[in-house]
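Sending over a structure as structure tokens; questions will come in a sec.
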Amino acid sequence: MDTVEQLRDRLLARFPGAGITVVANPSPAAQHSLLLTAATARDLALFLRDEPGLQFDQCSNVTGVDWPDKEIVDTTKVTLPDPAGGPPKVVEQKSKRVEPGCLEVVYHLYSIALRHGPVILRLRTANRTDSVTLPSLTPVWRSCEFQEREVFDLFGVVFAGHPDLRRILMWDGYQDHPMRRDYVEPDSYEWEPTPHGEVLAKARQHYPAPAAAPEAPKP
Amino acid sequence: MIAVAPTSDRFLEVAPLQLRDWFIGLLPQSLRWITSGLITVVAILAVFGLLFAYLTLAERKILGRVQNRPGPNRTGWFGLLQPFADGVKALTKEDVVPRDADQVLHYLAPVVLVALSLLGFAVLPFGRHLVPVELDAAVLYFFAAGAATELAVFMAGWASRNKYSLLAAMRALAQLISYELPLLLSFVPVVMLAGTLSTTEIVTAQGGWTGGWIPHWYVLTPWGFAGFVIFMIAALAESNRSPFDLPEAESELIAGHLTEYSGFKYALFFMAEYFGMCALSGMAVTLFLGGWQAPCAWLEFIPSYAWFAGKLLVLLLGFMWIRATLPRLRMDQLTRLAWKFLVPLALINLGTAAFWSLTAGWTGPLQLVRWAVALALVVTPFVVMGRRLTAGVAPRTYRYAAS
Amino acid sequence: MSVSDLTPLSAPGGSTVRAVHDEFHGDLLEVSMGPHHPSTHGVFRMIVTLDGETIVKLKPVFGYLHRNHEKLGENTTYLASMPYTDRLDYLNSMTNNWAYAVAVEKLAGLAVPERAEYVRVILAELTRLLNHSCLAGFLMQDCGCSGTPLMYAFREREKILDLFESLSGSRMMCNYQRFGGCRVDPSADWLAGAQRLTDGYGAFLDEFEALLTGNEILMARTQGVGRLSSALAISAGVTGPALRATGVAHDLRKVDGYGVYPRFDFRVPLGDHGDTYDRYMIRILEMRESLKILSQALAGLPGGPIMDPKAKLRGFRPKAGEAYGRIEGPKGEIGFYLISDGSANPYRYRVRPPSFINLTILEDMCLGRTVADAVIILGSVDIVLGEVDR
Amino acid sequence: MMIPALLLIAFVILASAGVAMVLRNLIHSALLLVLSWTGIAAFYLWAGAEFVAFAQILVYAGGISMVVLFAVLLTRPARDAELPVTPPTVLRIAAGLMASAMVGSITVMAVLTSHLVAPASARAPGLTVKDLGALLAGPHAAALLLVGVILTVALLGAIIIAAPEPAPRPEDQP
Amino acid sequence: MLGTGLIKGLAVTAKNLVGSYHDPARYTTLEYPEVKPKLPEAYRNFPFLVTENATDPMGTLRCVACQICEKECPPQCIYIEKSKDKKPDAAGKPQIYPAVFAIDTSVCMSCQICVEVCPFDAIKMDQEYEIATTDRFGALLLNREQLAKPNSYYHQIHPTEAVEVDARLAEERRAAEEKAKAAAAAKSAPKSAAPAPKPPAAPSAEAPKPPPAA
């Protein structure tokens, strides 16, 4: 099985317009992935599945990843003319900018027929709030049906073209998406007397005099 | 009018009757007839009531032991008080009757079921002189009482006014009706050979031993053995026991027509099931296993009712043994087994029995020919139909991956 | 009989239902089997739409045992997630631990000593024996054998659990593997115990097969029931014995050749019909293969350290990056996908649950069959709700 | 001595038949019908004909009651089988009386003209099952076979008419 | 031929029925209250704190409240408050001791990670499994007094492991002793720089100690 770059070139050869970039994976596992654009994702997937040389017929794993907005402080060196006419001073200027986050869906593809290893596709939504739609790959691989429903349920990514997009783990009336990084736990839970940390703080807030406050050592 | 105990027989044989006559002697003339009837009824209820209690315990013990665990042994010594504990539990459980159930029928169903399954004991010859009722058409009476139990199952299913129990009651009825036929057809050869419908005469017809060792029981003849097997399979289905316990199966939506019953009514249904099981196996013993006949001449000293009880217990243990082992049949397979396998076999068995009775006179080498032809008439249809029944079903061989 | 007053759960959007009966005669009955139905192997629910006896639509409903295992994984260190993996598929804690350890070792590039690899293979094959015999027991229970085969399977399972307890300290929650090896070195008499078990297991399997495999009622109930084509199985991501029952030769022990599996010779049984009987038989034959592996592994167990001396127990911070490690668990391909950002907690901790994905085709197998068949088909798919709901 | 028991049985038969006619709930009336059939079987027993009595119970209480109940259930679309009884009008009452008068007269005439002398003792000489069998197989054999054939033909006809063409179910193809 | 599979199955159940009376392998039930299960040595239930001897449990706690186990515990069920003052420990060196050491056994899943990460062998896994209580909150939060158990009990439940731990501790004490003697010798010689800061993770140096109580 050729390397990721060769695969990308092969895909680009087949689909000239598609925007495919390689996302390097610094860890020793060296499982690099291909970032696809939402528009051409399904055709690429069909190609990967049906191309005689590739035949990726099993989509083993579909994972949702939440990349929240990142505040990047980049320091740039600026030479300021010294108002007092002295030599120009080099001073670092910190400029804060917010890089918009995204919801990402990672597909691990394997080929049972040709027994070769994972090709990892990544699809990213435009942002985390309003446009969170991605093309569903269930028509290509049936195994994505439940896993995409789980990503929809826990992350909030809407999959266009999914046959039965409903919540799968949480109950239908649930509003929030628990796996997002900025998920706030609902405060309605039964207090467990774990003796310390924010659990104890939350407990004190719930039950003014918790029955099991850890007593001071008896003298 | 009451049959006075014959004095010719051994002491143990007539002991129960002499006890009864002594007791009746104490009463004035007018009450004698009633009390002798009452004594027989009380005797049957006591014996089979206790047998029901200890059958439930035996079943759980055997099921336990088969599964390498002791079974109930906490109540009393070795769990002997367990049935009474279950009885108390059933009595103290709240008896919930659904609001829009048909009160009268809902109450009547278990009562009718238990009554009908008890009626069957009236004609079973427990011992040489221990026959509750001497009827000319005894076997027909037994199956008439048996056939009416379907009515009670329907009443239970309908009265609960619950869609699932009605659906399941319909299934139970389909099972009972489709196994009524093989049950009746399998005892007709016995009546043909014994020439009578009365159970006592059928048992006496199976008396005597060739060479003191081989008894003349019908089960030891080819058509008798086939009839016995069909009778037992049909009896299993009639009493909703293991391979056919579809109505209470957990794969069923809910617990069949017993869904809306709780407390003692639920226990009554199981009492009826066990009475039905005892009655059917009692009839099987009478028809095929020579009732109270001893297996060989020199064993005559053991009283006849002991032989009947022994054979009955062996059959009941067989019921439990099958329950511990076999999986359940699906509904369509169950009815297909009845209509396409058991009924044809029972009809062919009629032919074999006819051949057997016609060639009764053959002796010497002809005897072997007679046995050979009879065996052929039994085995070949079994094998041919067996293969057609299990056409698409066979153990498979498996290949292994090349790499 | 109008549709029961059970208000049907909201199921907007057409589902993948191929009309089994073109002409609808009579009323459809919507029944909810579960979540505490006696034969659904845990809190699992199926909304079944019945036309008389045959199933027209079957919607599985999960989530009753959902603890958000993956969010827990993100809030604790790598080591602290190891005891939680025991609670995923609570029948096979050793293979869950191993899958997680493989993923982390791939992420951080850790080496694993020879002896640890052999011990891992021995424990994984013991878990496979335990899981497959339990499954066969539960399947017979659904067919109605009133518990006898299940008790025999549990009798053997107890022996294996005693081995796990004397090694790792707990029967089911072993928490035994670490990144770079195992926690405790098995003693000589433990290995002798494992050898005794392996020698005795063949006799149990023969007795089990004598009781069940030739049984006409069982064959009638399971052959031709719940057929699955190999194309649909591959596309639906079905893995493990259910996939091999349809004739696809896909066993990660052969395909990936992870650990020291290439050193052992064992065969991968394949079925032809992909029905419930094949799934049952494949598991029985796989148990026999596991016995072969076990005896070879026990014979060839090398000396040496059980834990890579350089492996750090605390303060384990793998460099940024991601890795997807998978092994052939008893239920199928169990995998862990980890994204690390250099801190002590994983950034994303994802479990690839085989039973959850194998359920995708439950509806396709049950359409047109009766309720009694649906129970058996669910039993043959072999799900454990701890892994399905995570 | 038997006369009061006889009257009681007769009363049970007539009462259950009468109530069965009046009741609105079809299932209850069907079950009462079964009660009246068993009453008739009791009569046979009183007359000493055990075989006929048990055959009556086996056939009627076992078989035909099931047919009646299944027929009632499968034809009633509504949940419970309440039969809407229309109010009696003068015309209906008249027709009813006329019909019962006709039937009554025929039965009374048959009873009076039959020269069967009711014997003093209640129990007629016992006719054993063996003689019954011999009679059936002997002189009446032709009638017995004819009845058998008619029943089978009726059964097969019913099945052919009732059975819809079932679509080949994927149930059992291997 | 139809039925042979059924008969073979019946034969197997019959063999088990008969076998359960004479073959111990076919009768696996342990009648619990009367017959206690024989626990393997590695069996682990809730943790307990090891004290050097039974006479003065609070005085000879091995635990030095380093709170490593509190950080590493997956469900965060251990709660430690350091003591303000120091107390001489087994080897006579003044050490901090835990003023409050509470384990919430309703949350603890006895995964023994605390035992694995504890550098002082102060916490070990117990084998006591009959610990039902009536009070859901108070009784399940075990405090220091309820958790402390003597080293002899440790020898009783984990014999081989206890011997290894004691050997290792004794050897460490001997090594620490020589270092202390060497340091003392060095100190009596020229005034060397302040003794190198003791690496926190290194086991504490102890003065010679009388052999541990039997």
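We just call them A, B, C, D and E in the order they show up, numbering each chain from 1.
In the analysis below, a residue touches a chain if its C-beta (ideal position, glycine included) is under 8 Å from a C-beta of that chain, and two chains touch if they have at least 3 such contacts.
Just so it is clear, the structure is predicted and the values come from calculations on it, not from any experiment.
With steps allowed only between chains in touch, the distance from chain A over to chain B comes to 2. The most central chain, judged by the distance from its Cα centroid to the centroid of all protein Cα atoms shown, is C. Simply put, of B-E and A-C, more C-beta pairs touch at A-C. Relative to chain C, the chain whose mean Cα position lies farthest away is D. The greatest centre-to-centre distance from chain E, using averaged C-alpha positions, is reached by D.
Distance between chain B and chain C, defined via averaged C-alpha coordinates, is recorded as 44 Å.
In terms of their C-alpha centroids, the spacing between chain B and chain D amounts to 29 Å. Between chain C and chain D, the centres computed from C-alpha atoms are 61 Å apart. Centroids built from CA atoms put chain E at 84 Å from chain D.
Residue positions 171-174 of chain D are each in touch with at least two other chains. Counting partners per residue, chain B has 66-69, 324-326, 332, 390, 392-393 as the residues that reach two or more other chains.
Residues of chain C in contact with two or more other chains: 1, 148, 152, 155, 211, 213-219, 223-224, 370. On chain C, the positions that touch chain E within their shared complex are 76-77, 79-81, 83-84, 148, 152, 155, 158, 162, 165-170, 173, 175, 183-184, 207, 210-219, 313-314. Across the interface of their complex, chain E is touched by residues 62, 65-70, 321-322, 324-326, 382-383, 386-387, 389-390 of chain B.
Per the touch definition, chain C reaches chain B in the complex via residues 1, 4, 29, 31, 33, 37-39, 53, 140, 142-148, 151-152, 155, 211, 213-221, 223-224, 244, 249, 251, 254, 267-273, 277-278, 281-282, 285, 370-373, 375-376.
Across the interface of their complex, chain C is touched by residues 25-29, 31, 57-61, 63, 65, 106, 108, 112, 115, 118, 120, 141-147, 154, 163-172, 178-179, 183 of chain A. Put simply, chain C touches chain A in their complex at residues 9-16, 62-63, 66, 68, 70-71, 106-109, 232, 234-239, 248, 250, 255, 318-326, 333, 335, 337, 339-340, 348, 350, 352, 356-357, 359-361, 389-390.
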